[in-house]
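First chain A sits with chain B, and in the next complex the same chain sits with chain C.
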Partner chain A sequence: MSIKTIALKSVYILMPATILLAFLWAPPAAILGDSSRIMYFHVPLAWVSILAFIVSGILSVAYLADKKGRFHGLVETSYNSAVIGFVFTILTVITGSIWAKISWGVFWNWDPRETSIVIVLIIYIAYFSLQGALAGNENRGRIGSSYLVIAMITLPFFAFLVPRIYPSLHPDPIINKDRTVHLDAAMLTTLLVAILSFSLLYAYILFLMKRITTLKKRIGDYHAAD
Partner chain B sequence: MRLINILVLSAALAVIAAPVFHSAATDTKCACAFAAADQAQEAKVEPAPAETPTADSSVVLYRVMGVVLIVWFGLAFFLFMLDRRVAALENEMRQRG
Partner chain C sequence: MTPARSSSAAGVYGLGSDIIRNLRKDFRVEFRSRFALNIAVSFAAIVTIAMSLTAGGAPFPAAVQSILLWTVIFFSAMNGLSHIFVREEDQATALFLRVSVTTDSIFISKSIFNQVFMMILLIVITPLFVFFLQVNVIHIAFFILSVAAGGIAIAAATTILAAMVAKAGGKGSLFTIISFPVLLPILWVSINSTTGALRQTAPSYDNPVFLLAFSGFISVISFLLFRSVWLED
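Presenting the complex of A and B:
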């Protein structure tokens, strides 16, 4: 078993550890109480969403720059990464809405951060529609990759800039204006473990999807040879 | 081999779920964490300080943790089985050349 496999499969241990740390070890936040424990799932999910979209954008740049076709499977991997990012964004919205219901009394109130995440979701829904519409088109990879690069460029604006410009009910970001982390040591440790676990989960799913894509391609080639 | 996996997972789920069902049997007042939070908000009773959780909040906390663990073990089982099947197919393809 390679180091990469061991690292990826450590998610099977790290994720339950994260859940136990979040519920049993980390103290509740001073004002928010036990409901603040959802932070250990909401923040890592949001982090992985952004990470997945950035990875899909970077892979798209690599695909567009690779004129000689040296790297295989970049389009498929960037698509898979966008799919994972999309699912994690939906989960971020769900966990955020539950937290909003507990803290603000409503599931949704068009807060700047909520509005910007809806726009990000629409951007990626449009990407999946585009990919579906271009099935069988030989330029599908190029058009899709160009779209993902543009989507990646808009991402910092919606994910980081808008929520900082407009007044919001949303709690301060973990790394705030003072560039300090206002978290208890145990809470910060739990959050970092959670971010590591969710990042590993993302990487594990992405590599699994890559293996499945490669297999599908090889089986297709095998049948074509018959 | 698959049967063994299913049995191991079922045992793990049973171990995790046992405290949840036990707490559900001993305390039927709260349906879930969010219902409890709603009740607290509606009642406008002075909330207990975060440092001293009440017995009710502890039960709800364990129950939510149990549900989250069950969801995770379900996902982990799915991923593990998928990984195994993909590995088996990869081996088969390698053998066929």
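Presenting the complex of A and C:
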């Protein structure tokens, strides 16, 4: 069994471990109480939403730079990453809304971080709309990749700049102006395990989608040769 | 398919003459029918008058006036900026253009056309909006600079998106859908900038500078990517 397979399969251990740590081991937050446990799912989901988008963007750049077609399947992997990112973004919005309702009394209030995740969601929707409209076009991969590169330019503005410029109700446990961690050791450990688990889950789903794409291509080739 | 002449072979002179030829053709075709301009300006006028009518003369705060101004500009621009590429595909002249002139000259000429188109649109929309919505502009020069910088940024960001939409057959609202996430930072900063021009306090020049810098940056990225969008395998 290769290191890659072991790393990907470790998600079967890490995901249940994350659930156990989040509900049984990590202490409840001082003011928020047990509702704070949603953080161990909401934060990793948001992290993977952005990670998937960045991976899609980087693969798009690589695909566009690869003039000789040396790296096959980059555009499919980029698309698959965007599909996973889209689902994770929706889950981020849902978990974030639940947490906002418990903490702030409203499901939505256009907090800078809420705004940034909605922008990522809109970018995904726009990308899929463009891909859908280009169905049957031979240049679909190149045009879609070009759009992702253009859209990626706006990401630093909304994902990193705006939440740090405008006042936010969001807690900032790890990245903040003090550059210190404002979390209890057990809570921080649980959060880091959760981030690792969700990142591996993303990689595992991406790997499975790549296998499905390859199988679909083989079946298509088989029927074409028949 | 590759263009008949490469940019390097044609040289700077060749590139310049191609750009002028394309621009002359685009302006002639557009101003013969004035289709895109008529639609965009009519839309802007209707929306501005509708807003003023429904408001019934009620004064809006500076921030609301600024938001409404950029909403009108955004949707008016969406009605006309994609036309420059969609027309080439609709009239089946895109293939001829692809083989007769260099890709670089096409992008530069279409960008210049969209910038001119956007400026004409702004020259019509802005006074109309100021008149009907009773906008009290405190810092006039800064207001003009903000509107112009925002317009330049919108035209710069949407030129390559117009080419993408044209490739997709110019379907319905696709241009607005794919432009919105890219234009959001521009609209955000433009609204802040024009709001500053409507208030008594001295405005910050950071916003127009950001808009102009963003325009330059996205133009360079678009120029580099245009070949991937425009040329076919």
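Note that in this section the second predicted complex is superposed on the first by the 225 of 226 C-alpha atoms of A that agree within 3 Å, B and C clash if a C-alpha of one lies under 4 Å from a C-alpha of the other, contacts with A are read in each partner's own complex, and residues count from 1 in each chain.
Everything below uses one rule, namely that a contact is a pair of C-beta atoms (placed from the backbone, for glycine too) under 8 Å apart; a residue touches a chain by one contact, two chains touch by 3 or more.
The structure displayed is predicted, hence computed values, not measured ones.
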Which superposed partner A:Ile205 touches (first chain B, second chain C, both, neither): first
Touching partner for A:Phe158 - first (chain B), second (chain C), both, neither: second
Chain B versus chain C as contact partner of A:Phe71, first or second or both or neither: neither
First, second, both or neither for A:Trp25, with chain B first and chain C second: neither
Which of chain B and chain C A:Trp104 touches, first, second, both or neither: neither
Partner chain(s) touched by A:Arg142 [first = chain B, second = chain C, both, neither]: second
First, second, both or neither for A:Ser129, with chain B first and chain C second: second
Complex interface listing, chain C residues touching chain A: 157, 160-161, 164-165, 167-169, 171, 174, 177-178, 180-182, 184-185, 217-218, 221-222, 225, 228-229, 232-233
Residues of chain A that touch chain C when the two form their complex: 64, 119, 122-123, 125-127, 129-130, 133-134, 137-139, 142-143, 145-147, 149-151, 153-154, 157-158
Complex contacts: residues of chain A adjacent to chain B: 12, 15-16, 19-20, 23-24, 27-35, 37, 41, 98, 101-102, 105, 204-205, 208, 211-212, 215, 218-219, 222
Chain B - residues contacting chain A, complex: 34, 37, 41, 47, 50-51, 53, 57, 60-62, 64-65, 68-69, 72-73, 76, 79-80, 82-83, 86, 89-90, 93, 96
